[in-house]
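Following are the structures in question.
Each of the next two complexes has chain A plus one more chain, namely chain B in the first and chain C in the second.
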Partner chain A sequence: MNRLATLPAVALAVGVTAAPLLFLLRVSLYESGGPRGFYTPDTVTLSHYAALAEAPILFTVAFALAVAVASTLFGLALAAFVESLTPGRQWLAIGLLLAPKLAGALTTVFGLQRLLPRGTVAALIAEVTFVLPYAVLVIALRLRGIPPDLRSAARGLGATRRHVFRRVTLPLAAPAVLLAFQLSLAWGLGAFVGPLFLAGPGESTLGTQIQSHTAELRWPVAAAEGVLLLLLTAMVFALPRRRGHE
Partner chain B sequence: MTTLFRAFGWLILLAGLAPLLMAVWVSFSPDSFLTPPVEAWSLKWYRRFADDSRWTAAAGRSLVVAVLSSGACVGLALLAVVSNRTGNRLLLPPAVLPPVAIGLGLLPALQRVGLWGTLGSVIVVHTAMGLPVAYLLFRSWAGERLAELELAARGLGANRWAVFLRVTLPVLRPAILAAVVVQFVLSWNEALVTVFLTTSKSETLPVVMWSQLRGSASPLVAVAAVVSATAGLVAVAVIARAFRRRG
Partner chain C sequence: MPSTGTPSPTAGTALSSAVELSAVSFGYGPTPVLRAVSVAVPAGAFVTLLGPSGCGKTTLLKVLAGYISPNSGTIRLHGQDVTATPPERRDVGFVFQNYALFPHLTARGNVAFPLEIRGISKQETRARVEAMLDRVRLSPAEWDRHPRELSGGQQQRVALARALVFDPAVLLLDEPLANLDRSLREQLRDELRRVQRETGTTTVLVTHDQDEAFAVSDYLGVMHAGRVEQFGPPREIYERPVSETVARALGIANLLPGEVVGRRLGTTVMIRPEKFHPGGSLAGRITAVRFHGADVLADVVGENFNLTWRTRTAPLPAVGEIVSLGVDPADVWELPDS
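On to the complex of A and B.
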């Protein structure tokens, strides 16, 4: 097949990512106000970046770390659980795992609004619900690639199950666990549905700030926060990655 | 230890269903409170939903967007995977960038070209957002095996089209089905970016839900949640059946 056939997909993926990034950068440098209320054309200012000092950076990062730690730990446990099942039950478990994801984020939000009091915990549970399936799948795929012989050999040499998990399974699964952590951290930084609808008053993340500033037609402020969010996300992926043999 | 561990596993997975079950329960409420009905159940809010043109129009738009974007997305991803199997990292950014930043950036970008608020722009954006998922699905399903089979078919004298139709498509068929269904569901439920892209003339089902989730929600939102979720759950059943048949 012609190599050019890949072009439409790449053009679309790059276009739909690059265009918003460029506009985000440009809008973040406009002065606020203006004839249409969104921004003043033909102006350049760094004032919105100076104002970022008051953005909820600490809370956003802490929230993302909590999402990532919870998703990775639960993800590892659930992946090991799924791997330990018979094939028929594995499909049932994966179906159950994906069900909240496929039912839609807003359905989960609506249900959690009825089930839990508003607060950081409810927001955290919502975001972990969204991220967990990916963490489980990333780790489970890796676990599946570990030859069962290694585990039975270790057992044969007298290791307990716990020992096998700590000394054989975990080191071999480490690259996937790290990747799951990075992905959850990146998604946790961008979290805004959970905090927006479920967190208590005054608990805002960069994501919810961006949304509310956009709604208030303060686009340059929102855009500067968006650039900051992108930088934080980029830092997550710049973290050193241990390479597994793929 | 193992029994306890498994019990814990099933418990966590079942707990994930609680919000959905709560939405289903509340949707049968006979009155306008958001408390789940105990004695009297009713379909009143389902009738309201069906009679409310704002909800039905939004659901119709969601359907159009989901059908067209899943078709386009899977077609493009198929082209990409067939033409370049060495891996194409350029397809992946839409999956890892924060949706709120993409949505906010797309807003002025689409306004500049005069496409903001059109359903077409929503379809294009959903298609792009689905590309990484479809592409990764194809790659992980096909692996190296597909390349070897194609090479063997070429060696036996098949031309490119024959290889595509007789080898590539049949090998990828379960993954194609899975990708169509997954993208349909992702698009059907997409709200995070779409809220930035739509107006009252182009709002989709999740966007209307979004606007009702704060403040005075009525059991109508529960009905909308059930309608949203049904598409996803039907999809799980379809995929599970297709994969089980393959073994």
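On to the complex of A and C.
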């Protein structure tokens, strides 16, 4: 293949992803630079990583798991519902699902602020609202790929609709359900807007923690937290992947 | 019991019919797909519905299975009205054209599916699944394979086993051999018939292949434009078709203008190409000869007729030759609608 043709993609990957990541790693290994810069040169230290013991890791992971479980379950239910509609209505339903995305995260958050008291639940609902469309799309696309004859065949063999869902649809959709879970979990780990505007006092995730540390210009601390967040996210996608059955 | 009144003419047939369709009509919007179809299938019989694509034969099968609700008419299985019964409670085994095997289950798992749904014990399920896989002659080496690891013919056997394992009242087959190559098709066709005989399951098969229809059927239904034009034993339909459409659906039909002695109007008669023999009053020139292995088909053009003659007697006809053909009066069939 023409290697030159891949150059723009390589440049993009290096420039936009790899270079900032390496810089992040570098910053996390020095003392703060205060107002003069991101870090003070010649002060290599691991103290920021040691301080991660104080970071809200457990809360972040628990929050992310809650987001992922809720998004996957609702996503599955909604995808099954969308799949049961006529094609015209399917597009309408998907449009409605995407509406919060089109309105923007802040609109959703301010709306929820009016409706709900601040707290973990409100933050959770906000984040689930953000991820749900992805979960639904991933699962609905897979459901559409299941030949309708399989469901007809199952019913002809004596399966009720519930049997069909449990014994045919769900096992065949499993890879997509797992992918939806992984996506929601990765998103949940990086949860920022929801917790920032809606979580109760003293409840912070790694995301909001990073934001407050950068506001205090403690870049190396924020960078170390960023590296941790990246590692957690990478672990999510290192989970075993299930292959389809085709 | 009322002592007066004539006995219903259908009372007797309703008892012996495994499948009975009465005036079943179906259509999407204004286009009718099925027009008042009535068929009665005797218990234990192998029935084939033969027709070109678009004639409504697959729709009829789906109406029988409960996948499609007819606009009007009734469906009875073993005397019971199932018109409003959903597919899962009809007790019908259906083999789809593409088999519709569950890709996440092995051959064994697919065949076990209907038994597990019915809550049958593990041991019994295992025994019945293995007996049925044996019956359809799937070799045990394939039993734990997934559909994607099986050949088309093997998938077909699994689909058949899955449709029969729960001992359904009726077995429905939607062009089950259409996706297989010719030699395999003929082999599986015979096996299909063997399995049907062994289990005694009333079977309705849908096909557009007349050889297949002749090879397996006790009864044949010739479908055209949403109707069953004729229903009966294959030989009867072959020799005494009710219409030109039916005559042409079952191989080559020579339709010749005829004259009935003692009647003024002309008529159309049908003569099958193998019924002609050399030596007779039909004189014509051979315009084409097609070699078919066991026999040849020759096109003969006469003064006021065209016909196709099937022969295997030597010397074989040659193009340009003049022949005189005759036919036994018993082999001349006057079409009723002509």
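Quick notes on this structure:
Everything below uses one rule, namely that the second predicted complex is superposed on the first by the 228 of 246 C-alpha atoms of A that agree within 3 Å, B and C clash if a C-alpha of one lies under 4 Å from a C-alpha of the other, contacts with A are read in each partner's own complex, and residues count from 1 in each chain.
Here is the rule we use: a residue touches a chain if its C-beta (ideal position, glycine included) is under 8 Å from a C-beta of that chain, and two chains touch if they have at least 3 such contacts.
Keep in mind it's a predicted model, so treat the numbers as computed, not measured.
Legend: residue contacts after superposition of the two complexes on their common chain; A:L183 is shown touching chain B, with no touch to chain C.
When both complexes are overlaid on chain A, the residue A:V168 reaches chain C alone and has no touch with chain B. Note on chain A: of its two partners chain C and chain B, the one contacting more of its residues is B. Within the superposed three-chain model, A:G156 lies in touch with chain C and out of touch with chain B [touch as defined at top].
Of the two partner chains placed by the overlay, neither chain B nor chain C lies in contact with A:D42.
Applying the stated contact rule after C-alpha superposition, one finds that A:A13 touches chain B and leaves chain C untouched.
Comparing the two interfaces of chain A, the one with chain B and the one with chain C have no residue in common.
Chain A makes touch with chain C in their complex at residues 147, 149-150, 152-160, 163, 167-168, 171-172, 245-246. Against chain B, the residues of chain A that register as touching in their complex are 1-6, 8-10, 12-17, 19-24, 26-27, 38, 74, 77-78, 80-82, 84-85, 91, 93, 95-115, 129, 132, 141, 161, 183, 186-187, 189-190, 192-193, 197, 207, 210-211, 214, 219, 222-223, 226, 229-230, 233, 237.
Taken together, the chain B residues at the contact with chain A in this complex read 1-2, 5-6, 8-10, 12-14, 16-23, 26, 34, 36, 76-77, 79-80, 82-84, 88, 90-94, 96-109, 112, 124-125, 127-129, 131-132, 135, 140, 160, 164, 185, 188-189, 191-192, 195-196, 206, 209-210, 213-214, 217, 221-222, 225-226, 228-229, 232-233, 235-236, 240, 243-244.
Across the complex, chain C meets chain A through its residues 65-67, 86-90, 92-94, 96, 98, 100, 102-104, 113-114, 117-118, 146, 148, 162-163, 166.
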